[in-house]
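A short worksheet on the structure shown next.
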Amino acid sequence: MNNDLKVFDELESEVRSYCRSFPTIFTKAKGYKMWDVDNKEYLDFFSGAGALNYGHNDPNMKEKLIEYITHDGITHSLDMASTAKADFLNKLNDVILKPRDLEYKVMFPGPTGTNTVESALKLARKVTKRTEVVSFTNGFHGMTIGALSVTGNSFKRKGAGIPLHNAITMPYDNYIDENLDTLDYFERYLEDGGSGVEIPAAVILETVQGEGGLNTARFEWLKKLESICNRFDIFLIIDDVQAGVGRTGTFFSFEPAGIKPDVVCLSKSIGGYGLPFAITLIKPEHDIWAPGEHNGTFRGNNMAFVTATEALRYWEDPSFEEGIKKRADKITTFLDGLIEKYPEMNGYRKGRGIMQGISSDIEGFSEKVAELAFEQGLIMETAGADDEVFKLFPPINIEMEALEQGFKKIEAAVEAVAKEKELVTS
Amino acid sequence: MNNDLKVFDELESEVRSYCRSFPTIFTKAKGYKMWDVDNKEYLDFFSGAGALNYGHNDPNMKEKLIEYITHDGITHSLDMASTAKADFLNKLNDVILKPRDLEYKVMFPGPTGTNTVESALKLARKVTKRTEVVSFTNGFHGMTIGALSVTGNSFKRKGAGIPLHNAITMPYDNYIDENLDTLDYFERYLEDGGSGVEIPAAVILETVQGEGGLNTARFEWLKKLESICNRFDIFLIIDDVQAGVGRTGTFFSFEPAGIKPDVVCLSKSIGGYGLPFAITLIKPEHDIWAPGEHNGTFRGNNMAFVTATEALRYWEDPSFEEGIKKRADKITTFLDGLIEKYPEMNGYRKGRGIMQGISSDIEGFSEKVAELAFEQGLIMETAGADDEVFKLFPPINIEMEALEQGFKKIEAAVEAVAKEKELVTS
Amino acid sequence: MNNDLKVFDELESEVRSYCRSFPTIFTKAKGYKMWDVDNKEYLDFFSGAGALNYGHNDPNMKEKLIEYITHDGITHSLDMASTAKADFLNKLNDVILKPRDLEYKVMFPGPTGTNTVESALKLARKVTKRTEVVSFTNGFHGMTIGALSVTGNSFKRKGAGIPLHNAITMPYDNYIDENLDTLDYFERYLEDGGSGVEIPAAVILETVQGEGGLNTARFEWLKKLESICNRFDIFLIIDDVQAGVGRTGTFFSFEPAGIKPDVVCLSKSIGGYGLPFAITLIKPEHDIWAPGEHNGTFRGNNMAFVTATEALRYWEDPSFEEGIKKRADKITTFLDGLIEKYPEMNGYRKGRGIMQGISSDIEGFSEKVAELAFEQGLIMETAGADDEVFKLFPPINIEMEALEQGFKKIEAAVEAVAKEKELVTS
Amino acid sequence: MNNDLKVFDELESEVRSYCRSFPTIFTKAKGYKMWDVDNKEYLDFFSGAGALNYGHNDPNMKEKLIEYITHDGITHSLDMASTAKADFLNKLNDVILKPRDLEYKVMFPGPTGTNTVESALKLARKVTKRTEVVSFTNGFHGMTIGALSVTGNSFKRKGAGIPLHNAITMPYDNYIDENLDTLDYFERYLEDGGSGVEIPAAVILETVQGEGGLNTARFEWLKKLESICNRFDIFLIIDDVQAGVGRTGTFFSFEPAGIKPDVVCLSKSIGGYGLPFAITLIKPEHDIWAPGEHNGTFRGNNMAFVTATEALRYWEDPSFEEGIKKRADKITTFLDGLIEKYPEMNGYRKGRGIMQGISSDIEGFSEKVAELAFEQGLIMETAGADDEVFKLFPPINIEMEALEQGFKKIEAAVEAVAKEKELVTS
């Protein structure tokens, strides 16, 4: 095969998207590197939109996976009991939940982010016997109708082809300006019997909005939100599909806020190796599901159990978390420097942990940066309703040197766009 | 680990179901066999509810998979282009579509059945600019809100916690009695401006209802349905998630009816090896998606591309299909004999291909048969709103001898239940 | 003013409709007669679509009304207590409810048919805690969103501009053919946990479908429907807005079926004089409304109380009902004769009581008949999704002679159209 | 009849409400006075919640009405043309619309407020081809499902028994605090493609919220709202059912803001005499209704045409408007004095025109005031989600002396409650 995208043009649906931004055919990957059919090497600062926090094809997980396959371990077993599943449950409990003083039952809702979100919404409605769910501006929770109803993006919403119901959008932290605490506004709606907004079954949110433009909720805002939820008996659902599993520096993104959500949605990197996998964590007192009330053929992806279990071993060593934070600081410093050096960009830094980027007010700036970076062999995504943010998403354990290598490519791209834009605007 | 389910009781959500019907911990599988932690052997007449049509851990696919992993082939790439994906697209087109004179664009909607159904409904609404979708009594299409709206089962529907909209249930073939052609009834509704039922965007159905009780639509009924859809410009969506990929004797379940659906939903066995995977086949003229209008993190499960491509090679040899039909005939003969021999069962045969079973009018009969069969080392599921059908779902390429082995276990179970029931009722 | 419709063209909305079928300006009316500005006299075989069952400006009611106004009786009092309201409640109970062994609480839901329907649906949902409502093909229940949801007509439904929810349309009696008892079909849906149709809060229907084409439910069908509702604890709501108040020969249209609906909706002729008025009759055990849970400014139209009370006095004398039946028989005989005499019409008689008409299979026939009848000074409406029925709706106490006068005009119109159609089709 | 409410307890539904606040049986009314069966006289500071702006049984209208009835004028004519309707259309155009430079087509949507609102929403959706409608906190628009969807009150909304869809509640003017211009917030939602709020078909609001607690929108806020609507092609619907027809000092409540809504909803006092009547005013370019797309039996209440036409004659004389303003000023002065004199009430003045009241932060204060006022022979309502406002709603042409008489009774009631509360709280 040569590097010809014709087969995709002819046979794959028009809905394909990333292959348009990164127009080459990939064959191989390792850690933070990818190679295409022409053997060109790329630095991956995208990480499968958060599905590859440990990098590509981690050697430890790979070894376990091959061993498992070789010995004819169970591949598919619906939701029957398997040793691979038992191992995962124990490891998750021992390494992650117990040390964080979190008690959760684990649900396997089907192997994607939208599945875990749909399961969370169902459960919240079942427990509270209410119907409405509050989500926040620029939240993204998935593409099936239930999850799409609580997603902000109008382009995605229109794709539904039907009006989306049972959802109310409230302003995320800092949505308006500093004068308005958006939670005061939300609380006002809940208190006021004439507000037109009834007490919802649940509130669902990301602590850092991955697709919505790296908007970040302050810890005190999250804490206050939890107390409002407690006051009105509302389910607090944290969608940690993208921000979880170390992306922001801690295993769960909400740890520094000191909150304990009723439900946590995890997918993407929980599988470790990039295999389809998702779990829904449920406070034991809410686990009132009837058997099979939510199900799905691929709830039990045993290969993902194997790699997920291995992946969790990284968290046994406290230095792993520290390493993430070091990298995060490095990224912060780099981005702040960039903003200062290129005022033409009119940029400001957004996000936290290894989930940061720069939002540029110049139309098309960030998209152009990502495009030029790709030409130089770096894969990076944009985010936000107008793709106004370019987003650094390398593996959370990327070598420091590789990080710097990436920074150079990004700066080169920024410089080139800044110059060009200058010419245009002046 | 001993064979103790305590870890699941303690850590897994109450929603788990099959591990309750088959209460043991599985470790290994090969072809039609599974083993638990006590090394007890089971015959698998369940096949992951149709996700393992080629049996467990097929050696050819396994070889390709290990090779791919070993060489650090791309595991996760969102919907970027990869060689594994290109190979799959080409193989599907060459081996399946072209020889059947079918022209379809391939969409990767996320790796589960409910994802492909949601994508199909979205597209139908987008193309037709209408909102309603007609589904049929006892149809099953998935557990996310969009797919659940077109699913018949009231227990599953209630799980939504909200009223489900934009869907109309019409009677499936033979739903009422022989005097009423249910399509005349449907057509009457469409023609009558006062029927309260507007022209829908789509009709979605299974040709054999896997979960709904192995109800089977006659080929002429399907043909007539296609012509009604043509007349009113309604999308015809065949959900072949469970009945497709050889389960009924042909690759697509609808082939013998001679119809060409606008959209075909495939998942479960399309991946070959039991890995999460789904595709949506779309007539080229309907492929008007905007890039990224429907997306998802695990659209591109490259390991599944590898095994799926290998699996399709079976279909290159016409004797493969013939083999399925021979097994199907054998099953038919067995079931007819069983019904005759055990009139106490009050049973009648349902389904077609290797998707057959017996519906018993005696309350609890079929469930009891499945339970006793498990005790004898055979895994088999029940179907239907009241679990009134026991369902033979062995791999479609199971050895003839193994089939007979299974029959014996099933007959033993039936005999035991029949005797017991006799005692109870007399 | 001359007979010039310009003012309406210029100042009234395009939504106006009957003034297009009957293009003249009316000034005066008495009994079964109307006069326009040119003093042309018309026979009114339309009766305000059932709002003028006692004819125009009945002298007894008129006297009471003028007296009431003259003495400054309360005109508007929201839902405060008034003597006029007390008199009405007592009269309704004494003359109508008690003698028929019916015990109902009376709700004043706002003065229109759609208001009483909306109140009935709300109450059914409140009492049963369910959401869905079953209505029937070609049913008509009003134009506000709640009532429109249970209305069959697609043109009216589209007017909503949003998908209409929480309603399921079942086939009315005789909708398919004689081989299918449509209630067996309905019951099958309710019994089958896989039908996609949940147990509804209510069933709403007209015993004769006034707008839907004078389709008539058999008494045994109504009886069976009542028993199905009892079996599943479903509210039986009879919308007697058009068919009630004597129109079919008895005060309530459902009396001969021997059923006792949970809720009865009345409007149109319950006010007697053509004043806006509606009531909702509720079995006492269902009257669990909270005060003001449904309200409206014109709940208490005291002038209508006055005329309604006077109107009910007609029902004190049994000969009143007998008189209606005589007129009904006369109409039946006339229509049967007409059908026989004009086979070109391809007509069959529909409806019952003084709510009968002829449905013609010849496209446009009935509309043309109504048009020509108007030219000859007779006002008559068409009904059905394609206006295929012309509909005789004179006052229920019309003089026999006037009835015959009207018959002549109708026959003349039929004859003219029949001849013309003959020419066209031959 | 003695003054015994037993008949209502026994025969009228529990839903009745005002007869509980004002527990007596009324018989007669004239101007601002009402009498009960014991001939006790009451001052009416309620005016049928705005349906009796000209007082009870106005002598000019009464004369015209009796004359019309006496001469057998058409009472009921659906939406046929009648001289009474023509007269009304001409008078409305000549006296109200033309002098205000407003060009509207007049729709008769059925004779109640909720009917006109439902018709407005339908039309907005039809013209814009969008589905969502924005309403405001504490807005009240009616009790049928379409109107209820845009109503804020949670008690009323729950009465629906189903989730209410296709509506978004935005904060009314001054909802949060002075720091937030709620329209900036609204505009932000419209501009942001990730806000989860799509461009709506319409915005619907009252300029003064009659039921919601006399909240008042500033004129510049209304002006800005109009410009936002223009920018995004959103229908601006003013629901002037309660605030219109002179209640705030001008015929339309929005006149001083200088806006020209796309649609205006009028009911209550537009009929003049308290007869059921409503109209929907539509900018000619939006009048794209198909004939009969919205209809209703009592669209054409001819008696209301007669009284409405007569009522409009008051507006021919400019001194009529001036008189309202004088009364409004008098009320303002009185209320401000009251607040100052009784600081225990913790009150502030709300509303404008003859649509003012006092909101008290003391729980139950305002309800108690209304209760005591009734005991002293004055009828007055409370408003707001917690009934926290007592509301002065005398006829807009009430004699000055009568106004003062009412003030005395109100002050007496306030004084009594203030004292009592003082005792309780100290």
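By written order: A, B, C and D. Residues from 1 in each chain.
Heads up, the rule we're going with is that contacts are C-beta pairs under 8 Å (C-beta built on N, C-alpha and C of every residue); 3 or more make two chains touch, one makes a residue touch a chain.
Because the structure is a prediction, the values reported are computed rather than measured.
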item	value
Chain labels contacting chain B and also chain C	A, D
Most distant chain from chain C, judged by the mean position of its C-alpha atoms	A
Pair sharing more residue contacts (C-beta pairs) when C-D is set against B-D	C-D
Intercentroid distance (Cα basis), chain D paired with chain B, Å	58
Where chain C and chain D are represented by their mean Cα positions, the distance between them in whole Å	31
Junction residues of chain A, two or more chains touched	131, 155, 162-163, 165-166
Complex interface listing, chain A residues touching chain D	131-132, 135-139, 150-155, 157-158, 163, 165-167, 169, 171, 175-176, 179-180, 184-185, 188-189, 192-198, 212-213, 384-386
Residue ranges of chain A in contact with chain B within the complex	1, 5, 7-8, 11-20, 22-30, 34, 37, 48-52, 56-57, 62, 65-66, 69-83, 85-86, 89-90, 92-93, 105-108, 110-115, 118-119, 121-122, 124-126, 131, 142-147, 149, 155-156, 159-162, 165-166, 201, 241, 267-268, 273-276, 280, 282, 287-298, 301, 303
In the complex with chain A, residue positions of chain C that touch it	162-163
